[in-house]
Amino acid sequence: MHRDRFYTLAASCPDRTGIIARVTGFFAEHQGWILESSFHSDEGNGDIPARYFMRLEIKADSLPFMLAELRERFEPIADELRMDWKITDSAVKKRVVVLVSKQEHCLYDLLARWQARELDIEIPCVISNHDTFKGFVEWHGIPFHHVPVTAENKPKAHAEMQRLIDETRVDTVVLARYMQILPPVLCAAYPGRILNIHHSFLPSFVGAKPYHQAWQRGVKLIGATCHYVTEELDQGPIVEQDVIRIDHSDSPDDMIRYGKDIEKTVLARGLRYHLEDRVLVHGNKTVVFR
Amino acid sequence: MHRDRFYTLAASCPDRTGIIARVTGFFAEHQGWILESSFHSDEGNGDIPARYFMRLEIKADSLPFMLAELRERFEPIADELRMDWKITDSAVKKRVVVLVSKQEHCLYDLLARWQARELDIEIPCVISNHDTFKGFVEWHGIPFHHVPVTAENKPKAHAEMQRLIDETRVDTVVLARYMQILPPVLCAAYPGRILNIHHSFLPSFVGAKPYHQAWQRGVKLIGATCHYVTEELDQGPIVEQDVIRIDHSDSPDDMIRYGKDIEKTVLARGLRYHLEDRVLVHGNKTVVFR
Amino acid sequence: MHRDRFYTLAASCPDRTGIIARVTGFFAEHQGWILESSFHSDEGNGDIPARYFMRLEIKADSLPFMLAELRERFEPIADELRMDWKITDSAVKKRVVVLVSKQEHCLYDLLARWQARELDIEIPCVISNHDTFKGFVEWHGIPFHHVPVTAENKPKAHAEMQRLIDETRVDTVVLARYMQILPPVLCAAYPGRILNIHHSFLPSFVGAKPYHQAWQRGVKLIGATCHYVTEELDQGPIVEQDVIRIDHSDSPDDMIRYGKDIEKTVLARGLRYHLEDRVLVHGNKTVVFR
Amino acid sequence: MHRDRFYTLAASCPDRTGIIARVTGFFAEHQGWILESSFHSDEGNGDIPARYFMRLEIKADSLPFMLAELRERFEPIADELRMDWKITDSAVKKRVVVLVSKQEHCLYDLLARWQARELDIEIPCVISNHDTFKGFVEWHGIPFHHVPVTAENKPKAHAEMQRLIDETRVDTVVLARYMQILPPVLCAAYPGRILNIHHSFLPSFVGAKPYHQAWQRGVKLIGATCHYVTEELDQGPIVEQDVIRIDHSDSPDDMIRYGKDIEKTVLARGLRYHLEDRVLVHGNKTVVFR
């Protein structure tokens, strides 16, 4: 946890020798103070080629230039290394839209963290297919949009949601137990920027009623998975997971109750990693520099 | 999790043969349907004598009489076995007063559970030495009392708190990261009914700034402890504990942030066990029938 | 953990009122001292009817008769309640045959526990399709049988294994990372008595190379499952499971290494529960009275 | 896990800008392929000054020179940065002496890992104050020295132990539940090279019978701690810790049994980190680059 303003470079490129030296040499040359640095070489897998991943935090005021110039000066190095890269600024708050339905646990948890500035973000609005949390959200000074989704109005509702999301220029959309499937067009519009919390330890128990599936199978642990949303239901890259122990005396209702505690914790952790640019997607997997 | 109304018998008595038979025989005689039952024989320890502990849930409408008559009929058995005992009714909501200071995580967590009726209690009021959460609490329709505590006004403030607690006829007082030490008279007035969450894995790091103590010692896990408040600071019977992994890169501030997730979960679990009469105190230890 | 000799009753029967009273009343009548008792009412699920489960430990010398008479006297009660039941004697060591291949971790772990009498069993023999551990096993004074299994000799090898198992009159067969599929006839001959350790968190990653499957999917936790062997591969009732955290830097080989620690621990726990008659099978699920 | 030979640089130095660039620049200049790299900036604490820590794995055959020349060429950089540093070679097996008493779990666990070459070390000998495991150790082809320690012979026994350790030119001494306190002279002779496993979650329950202490206090989790041995009992830098859940039904004997599983796992993890040069000591704390 750094109090001072810093820039975060998150990047990946084809693997070769000298990558760290090239990148850190650039910062050293300008007296850039590296607060935190992580590197990972992924050997690839079948169709997915080997690739190098990195994340650096550089103290902003250690550099003799501002962010725009930093990006400009770094670009030739990034080009030389054929990087996918971005540099973000800790002083610019990320903008996160939250989608909820009728379950409160993830919403309360996220707003508590936002309230305490532990999650130092802007929430331009909350969107829900129910109006359950309208008062609660508005009490926090956050706009609330009720967009009911029915079998009949789906295209219109989805268009309205996309309009709301687009116009708030969000960085990230969080499905905080939003119980509707997003349309492919929306998934495609925000690749690697929509986070969902699924209430099972994926890949077990894909789809509906995972706790009932878990109960039927008699497993001894249940879990939750935070993943990026892709067009294939519950198949996107996994960001974070955790489990909790249950036993024979627990009914599906008990599991639902226990599961909430895992769901909100896993979502909060996954969201934090994502917002701090600690998650780099590689094919259908993630590198998470915790 | 039982949907139907039930009675809970929580009891302890000196150990001997035939206790289970005597107690369950009574219920069987009246066609009482036992939903859940737990038994434990504690061998004692030095000054603490051996003792038998039990907890039963009996379906209310399986019995041919009401709660008052149940208690009356059970009393001779309890006397014969020299029991400490109580029978509670799932239809009567427990009354819980919450004390907070300026940290939000436990309060948000408890109110989310209360809101969802996962924690099916009445909260007659929230008391705080700060007015930070006045609006938030009142939005939920719960009275909020601001009782500032300073070096000068302590006796008066404590008297006011005790008056508020007494007049709400509470079953339980929860210190949800309330950062003031309760006076001995208040501790003594509610023995085994005041739950605190301490932000360390007791008995390590008693007292102030436990995360800083943990950081100094270089431990690899940090924890939280839910315990009953007694007159000795952080020495009361432990109800529930848990830990989370940290490493060398985590500062005390990081630990404080991680710790919040453990604190709220451990407090919620401990409170649930307590409210469901799953916790029986034995000397300075607890039997917890999870 | 009880030092004195005790009998263990493990039983299940159709649910009704008065079961506990009937059973514990019998023991109370004879001054039987109940050391430990567990009860569970299972509400059933589709084709699986509701059922009541119990496990009691009774101090042997508190009863005025021996085991044979205990069984004889208990039989009418069991019949009346339409019980599946058994009573075992802590003084009679269980007989366990261990099957291994070339991985050492579970075998070393089991023999360390056996050596320390933490696992207080007899091991009439170890059977393996390789001779890797012949010297190690024999050093412990345990007979070792090398039964190679090839595409050609399968029926003969399986017959030899069954002969060895049958003639040692074992209670339980443990597949301690035995890398061959048992023939249906052998599975059927020892229902609920063959324990396997599968190196994934079932039902994820059934079949071969589960760690490679886990790596492909990019999960953040890997696990192991101890289950009873049935004719359907990796589908039997689950006894115990656990998981361990991994991250992007872990290769399948790293996972295999981490996984060993989970596998041996989960197998040892599952085996202990089984040997102490703590596991009661109900359809494809288990009740585990830990 | 790398199959190819590699060198490991583990180093620390006063913090300043340009450290990573200086070090990785050196390797890049010679086409050194960095397999793994970790960096950490420690802000210090009171008397302990801020310091920079790093660990790099470099593929041996990517460099145009051998280890001796690597060390020679790196030295000026290390001097310039005022480093404490070492470079080790994955092809040179570490030499580890194991000390045991009468408990088998850590010894079996370590030898299983050694047998499987998961722990790719040489064990020049096992030393014990009992002869319990003489046959077992010797069966593995490892010399076993029985050095009884009594109130009378302590100085002589300790001298004999030190002689055995010295003459085997070991890198590391592991106390695998060795139940004697090492003399200060021996602790001082191998600073940061003697690893102990203590059977509690330090700093709770220092000294003798920690499980009995834990039982007296009624904690809900018990643990184990792997730490470097210093002259102050149970006060050395902590390398690794873990815990396991217990409840009211567990006696001290049960805790001892559960604890063994944690002890051996924590010791094996701590030892692995140490042998792979992942642990850097800083005052009374450790940086562990897992």
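Every chain is named by a letter (A, B, C and D) in the order it is written, and numbering of its residues begins at 1.
One rule holds in what follows: contacts are C-beta pairs under 8 Å (C-beta built on N, C-alpha and C of every residue); 3 or more make two chains touch, one makes a residue touch a chain.
The model shown is predicted, which means the values in this text are computed figures rather than measured ones.
Greatest Cα centroid separation from subunit A: this falls to C. Between A-C and A-B, more C-beta contact pairs are found at A-C. Shared numbers divided by all numbers used gives the overlap of an interface; between subunit B and subunit C this overlap exceeds half, so the copies present the same residues.
Chain centres here are Cα means. That of subunit A falls 41 Å from that of subunit C.
Note: centroid distance subunit A to subunit B, computed from Cα atoms, is 35 Å. With touch defined as above, residues shared between interfaces to two or more other chains in subunit B number as follows: 36, 249, 251.
In the complex of the two chains, the subunit B residues touching subunit A come out as 1, 36, 103-105, 108-109, 111-113, 115-116, 118, 135-136, 139, 249, 251, 253-254, 257, 260-261, 265, 268. Residues 40, 42-43, 45, 201-205, 215-221, 223, 237-243, 247-249, 251, 284-288, 290 of subunit D are the ones touching subunit B in the complex. Contact residues of subunit B toward subunit C in the complex are 17-18, 20-22, 24-25, 27-29, 31-37, 39, 41, 62.
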